[in-house]
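There are two complexes below, and they share chain A, which is joined by chain B in the first and by chain C in the second.
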Partner chain A sequence: MILELKDYVGDMKRCARCSLCKWPPLAQMKSWRFSNNCPSIARYNFHSYSGGGRMALGLALAEGRLDEITDELLNIVYRCTACGACDSSCKYNAELEVLWPIYSTRAHLVGMGYLLPEHSMIIESLRKEDNTMMQPKADRGKWAEGLDVKDLSKGEKAEVVYHAGCLYCYDPELSAIARDTVTLLKEAGVDVGIRGSQETCCGSIAFQLGFQGEFIKFAESNIDDWNAAGVTEVITSCACGFGIMKSVYPLLGKEMKFKVLHITQYLDELIKQGKLKLSRSLSMRVTYHDPCNLGRKSETYVPWKGEEKKVLGQFILREPEKIVHRGWNGIYEPPRNIIRSVPGIHLVEMERIMEYSWCCGAGSGVKQTMNDLALWTASERIEEAKSVGSEAIITACPWCERNFKDAITEAGDNLMVYDIVELVRQAL
Partner chain B sequence: MALRGDIYRLFESVVGPENISDDPAVLRSYMYQPFGAKEGVWADISPAAVIMPSSTEEVVAIAKICNRYGIVFKAMSTGWGMHNLPGVEGAVSLDLRRMNRILEIDEKNMYAVVEPHVICMQLQVEAMKKGLNCHIIGAGSNTSVLASATSVVGYGPDGLSMGFSGRNLLGVEWVLPTGDVLKLGSLGADSGWFCGDGPGPSLRGIMRGWEGAWGGLGVFTKGAVKLFHWNGPTELEMKRTPPNYVLKEPLRFFKVSLFSFSTIEKLAEAALKLGEAEIGYFISRLSPSFVGLQLASGANYVATWNTGMLQQMLKYAFLFVIFANSEREFEYQQKLLAQILEETDGQTSPISETKEMQEQTSTAVIKVDAVVRSCFRTTGGFNTSFGSMDTVDLAMNQIKAGTELKDKYINKGVIMDDGGDNSATLAFDQGHLAYTEMLIMYDHHDRDSAEGACQYLAESNQACLDKKLGPPIFQISQIGKGKHGAFGPACFNYDSWLRKIKGEFDPNNTSDPTAYASPE
Partner chain C sequence: MQVVVCIKQILDPEMPRSAFKIDSEKKRVVPPQGIPPVISPFDENALEAALRIKDEHKAKVIALSMGNRLSRPLLTKALAAGADELILLEDTVFEYLDSFASASVLAAAIRKIGVADIVFTGRQAADWDSGITGCAIAEELGLPCVTIARKVEVNRGQMRIERVIADGFEIVQAPLPCVITVDSDLGGLRHVTLQDLSSARKKPLQVWKAGDLNMSPPPPRCELLDLYVPKRETVCEVINGKTPEEAAARLADRLREEGFL
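Let's turn to the complex of A and B:
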């Protein structure tokens, strides 16, 4: 198994309880108003709802110090978008794993049989319908009806497979973006195909909720299918899918004969190569929201395995040296390059960006099961976007877009939300 | 010990159901602290409930319920350290996280009014927008502004130019243990926040004295702190340079230097002269170990340490920062500094001019954002010793005593070998006062190490008594419950005053006395 709580006891024991996990990296804090980094502690306030609080509870669980698993414990564990902001902030100083102990605590609880009913429904949908949306598998390919695109599940061959992901497949408002993406790729001369109704979930939500058996099943199946299809590249415009394929799939030890790319990386290259020419001016002041899974969570995770040695008396030296994933190597520039390529557009940055970006609120099943937390988190981001005078917020993940749109509708706000593909289509 | 249902509901009626909890998972997370000088990380005593008030009125109501029903309460701001937790069974924790507003920044009169959960970094970034800066304590900018000003020590190396938290405190709103509200300084005379000592009552000595009451005298709900002139940009842009973020552009008239001296006496002489010259922005002892850990990964640090290079270069060293307002002042300060170094045989350390040192230290000096890196990263457990505020000479004697004592425990292998002298901080208030702490790192999950650390801390406390080095900063409240009684007879029986104050202000002993004092 990938997620074992005992593997993180060393990290959890060395939590300094300094609360760095609650803020953006201190040197990057720019105002009081936007000085939180963790939606969960910002919303619920008890220390338990922070990265450090969850480490304390994970340690208590691992050491058998919690006598009972209460509903509140499950709230603490799951009212969290697993955005990884706590992790990036901690590593700036203490270099501890924070996010993976959170995943592992969830897996530990799932192993003990403690589940939230709402999560069971998502997993049931995965098992029965191969998607997290509680929709029929047979409808998965409907988004592409009428598109002249190869269907690899029917034996057709292509260099590149486009993985739409569950939300693009089933959300009627967003599926136009998946269609636009395929059209764009074709217009740029890319030999692209899809897997139609045979496409399955990437397993990201299962992994993040601690259902690692389900995750492994879907991840291995996807790898096998893509290998069998003979594609050289898997492109997705779902940041969640990209994040899990880049950061966790490699841990399964299966050969991946293909490269995983997010659509922003691909479009950035096509624009640089002159294969897509953005000529139409869009006079707009926009800001860009970094999706967590495209940014800080997309670094390939290398779990530390080795020996802790005491040197210099009590100095705990890890051999081999631990690789510290600070989130600095996420996909940050390609989306910004694309936006800057659009004539007339003025990109302004929010205060919390890149590895210390504020989450949209939708991740880790929160959108489906705790929509109030999701919408509150999104509303905070919308305020931040407005604070820099932005007319629109651009993102590169369907979950972010869905959640922002819902939050704006609920608030009766007028900020516009675009996926980066929509922007490119408008600028062509 | 569980809270009675009817009392729980009373608290709930004050703060709302979402802001109180007695769930075992919530309580367990509040018991975690890595400072314990014993094996493990869990406090022995669980709070009966955690309550999160959002206003003075709610704190008052909670205190009154506590007095009525004999419930002890203990307030915390950011909650870092064992002293934040209740020390008696059945007590409630007040987590002040929801009281987190900067109420005012008075640019003209150079002060800010804050609630308890405003951290130093939040205040600094807002102050800089107005050309102002705030003192940040040595523990880091992740700590509460108000807590160090009203309740817990308050020293930081930028105190050379920006004073000491206890002195920087102006008007205060104080919810007494009984639930009555007392307003101190100009606030008490309805004259705003500008002064801590009048018009209106000045009870600074009773309220906090030297080191504060550590949460044993009620709750401070609002306070004004002095701000200082900031000569840098209104926003500091950063760039990534592993392992930290560093300033994108160097600051004008800003110079970081590490100096080393042939003897500790020479170092002291230089510190005194710099104080007399009234120059500088920041001064701190920085041990070879502390510097090395700022700059290197674990393996690199160990490799470098084993060469002996760091120890040789930085044996008796301090970091000194000039931050001037003009070219002319910058030159003046540099000239004075050079003269003082010449008189004291001070040498610029070779490491001082390296790009890494300049970049990382400049950022750390202003932001005070990398303390955890040097203090907790190596072993997980950290504590500190000595720390009485007095003269530079006394600080040097503390360093000598601490180094000698630490060597014994380093040789036993129970604490980290950091060269013995891992003292931090030096002079403040433009050199009029001095202060130093002796840091120790240990593995609190290793029984021998935890017990060794505990013995060291007890012995260092005894050394403070035997060698007349003043009361230690942390140990009084952290592990040595009732240590005021041990130090009182050596210090004009101050402990009896604490007890009298406690008796007068808290007749029901409702505000947790564990880290402070019980009534006589």
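Let's turn to the complex of A and C:
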């Protein structure tokens, strides 16, 4: 199994409660207003809601010190988008795992049967309908109706498979972006296919909520299907899907005969190769929001197992050396390259970017089950975008886009939200 | 009319193969992290049977579960589906009981409840698949028992039960009170909504310990000698021959040698 709380007891014990997980590193901080990095601790301001607090809680659970699992404890555990900002901040100075103990704490509780009813509904939908949207499986391929594209589930062959993901398949407002993506790829001469109604969830939400058994089923089935389809590349425009395929799928030990790419990587290459020519000028001042799963959470995780030695009674040396994921190798430049390629556009950066980016608030099932936290988190990002004079916020994940749009509607704001594919389509 | 349904919390029988681990020293299955326990699927069928009786006859349905460290969020699904009350028999001495001891504890709880016109259980639990508990409860309570039901109806104070048999079903009539074990042919548990789950929290949930039943479970009648995951070994041997007929003859000889023919 991938998530075992006992594997992180060492990390949880070494957490010094320094609280550096609550902010971006000092050198990266640009103003007091946008100096938080963790939506959960910023909103609730009680230590248990922070990365360090969650480590303390996980340790107590692993050591069997909790007599009772209360509703309040479950509330704390799940009022977190698992964005990984705490992890990146902690690793600026230290080498502790923070995000994976959070996942493992959830898996531990799930194994004990402590579930939130709302999460049970999502998992039920996954089991019965292969999606997290509580929608019929048969409707999954409807987004592509009338689109001239190969359907690999019907035996057709293609070099590349486009994985739309649950939200693009079922959100009527966003599914146009999935259609645009396929059209763009075809216009650029890419031999692309889809899996229509046979496409299934990537398992990302199940994993992040701690339901790793359900995740393993979906991940293994997807790997088998893509291997059997004989594709060389899997492209997705859902950052959550990309993050899980890139960072966790390899841990299952199954051979993956394909490369996983996010649409921004692919479009960036097509633009560089001259296969897509962005000629129409869009006079606009925009900013780019880094989705957590495309950025800091997209590095392939390598669990460490070995011996820890204390040197001079203070320093920990690990044998073999530990590969530390600091979020440095996320997909940061390709989306920015695409935006800069659009004539007339002016890209301005927000204060919290790349591995220290502020989460949109939708991740880890929070959008579906704790929408108040999701909308508050998005509204903070919208304020940040407006503070740099941006007219629009560009993102590369349907969950971020959905949540920003909802928060803007609720606040009656006028900031525009675009997916990067929409931008490219407009500029062609 | 009062109906009692026995529901068992078990490890998910549909967990990935890689997650299934056994502690051979303790002779126990290791509960995996990240895979929630479930209500045994046949017990969900039993609950559905009880709820259908409730729909028709306005019966009160009491769900009963036994074990140690039972999952409230999981078992309150019974209340969300329509049961009126949930009683958890929760004690360290209720853990790892065999079917007969389990039946003894459940029967003691049913006696404490007082009135039970019908007792439903699944035909077997999906963890050990023994299929004994339902019948043993009937034995303890001195009630008639009908097993593997696919349809149940209350008609003029009698139960009319369609019972699954190898080549179809038979119709059995039984007096009340009685114990009925239910098959999956009866149909799955009705859909539970988020609203149902939220309102289930307001329904009565009682926890009874061994002391509340004035009993301690009897010693086990079954001894578990060993618990292991069978090893699967595949050996491939190619049988050749100058002609297909010769190869076939050699293959037949080889199969006979191994005792397969």
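Going forward, the second predicted complex is superposed on the first by the 422 of 428 C-alpha atoms of A that agree within 3 Å, B and C clash if a C-alpha of one lies under 4 Å from a C-alpha of the other, contacts with A are read in each partner's own complex, and residues count from 1 in each chain.
Note that contacts are C-beta pairs under 8 Å (C-beta built on N, C-alpha and C of every residue); 3 or more make two chains touch, one makes a residue touch a chain.
It should be emphasised that the depicted structure is a prediction, and the values quoted were computed from it without experimental measurement.
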Based on the shared chain A superposition, would you classify chain B and chain C as clashing or fitting together? fit
In the overlaid three-chain picture, which partner chain does A:L317 touch, first (chain B) or second (chain C), both, or neither? first
Which holds for A:M1: it touches chain B only (first), chain C only (second), both, or neither? second
With the two complexes superposed on chain A, say which partner A:P117 touches: chain B (first), chain C (second), both, or neither. second
Mind working out whether A:D413 is in touch with chain B, chain C, both or neither, as first, second, both or neither? neither
Taking the superposition as given, does A:A16 touch the first partner, chain B, the second, chain C, both, or neither? first
After superposing on chain A, what angle in degrees do the C-alpha centres of chain B and chain C form at the C-alpha centre of chain A, to the nearest 10? 110
Quick check on the superposed pair: does A:H47 touch chain B, chain C, both, or neither? Answer first, second, both or neither. first
Pick one for A:L57: touches chain B only (first), chain C only (second), both, or neither. first
Thinking of the overlay built on chain A, is A:I76 touched by chain B (first), by chain C (second), by both, or by neither? first
Which holds for A:E269: it touches chain B only (first), chain C only (second), both, or neither? neither
Decide which partner touches more residues of chain A, taking chain B and chain C as the two options. B
Compute the least Cα distance separating chain B from chain C in the superposition and give it as a whole number of Å. 18
Using the touch definition up top, name the residues of chain B that touch chain A in the complex. 18-19, 21, 23-26, 28-34, 41-42, 50, 52, 78-80, 95, 97-98, 102, 118-119, 121-123, 125-126, 140-142, 235-236, 238, 240, 242-246, 297-299, 302, 305, 363, 367, 369-373, 375-380, 382, 410, 413-418, 441-443, 445-446, 449
In the complex with chain C, residue positions of chain A that touch it: 1-5, 104, 106-108, 110-118, 120-121, 123, 210-217, 220
Within the complex, chain A is touched by chain C residues 9, 12, 15-16, 18-19, 31-37, 69-74, 77, 80, 193-194, 197-198
Please output the residues of chain A touching chain B within their complex, sorted ascending. 13-20, 23, 25-32, 35, 44-48, 52-57, 59-60, 65-68, 70, 72-73, 76, 92-95, 310-319, 321-322, 324, 326, 328
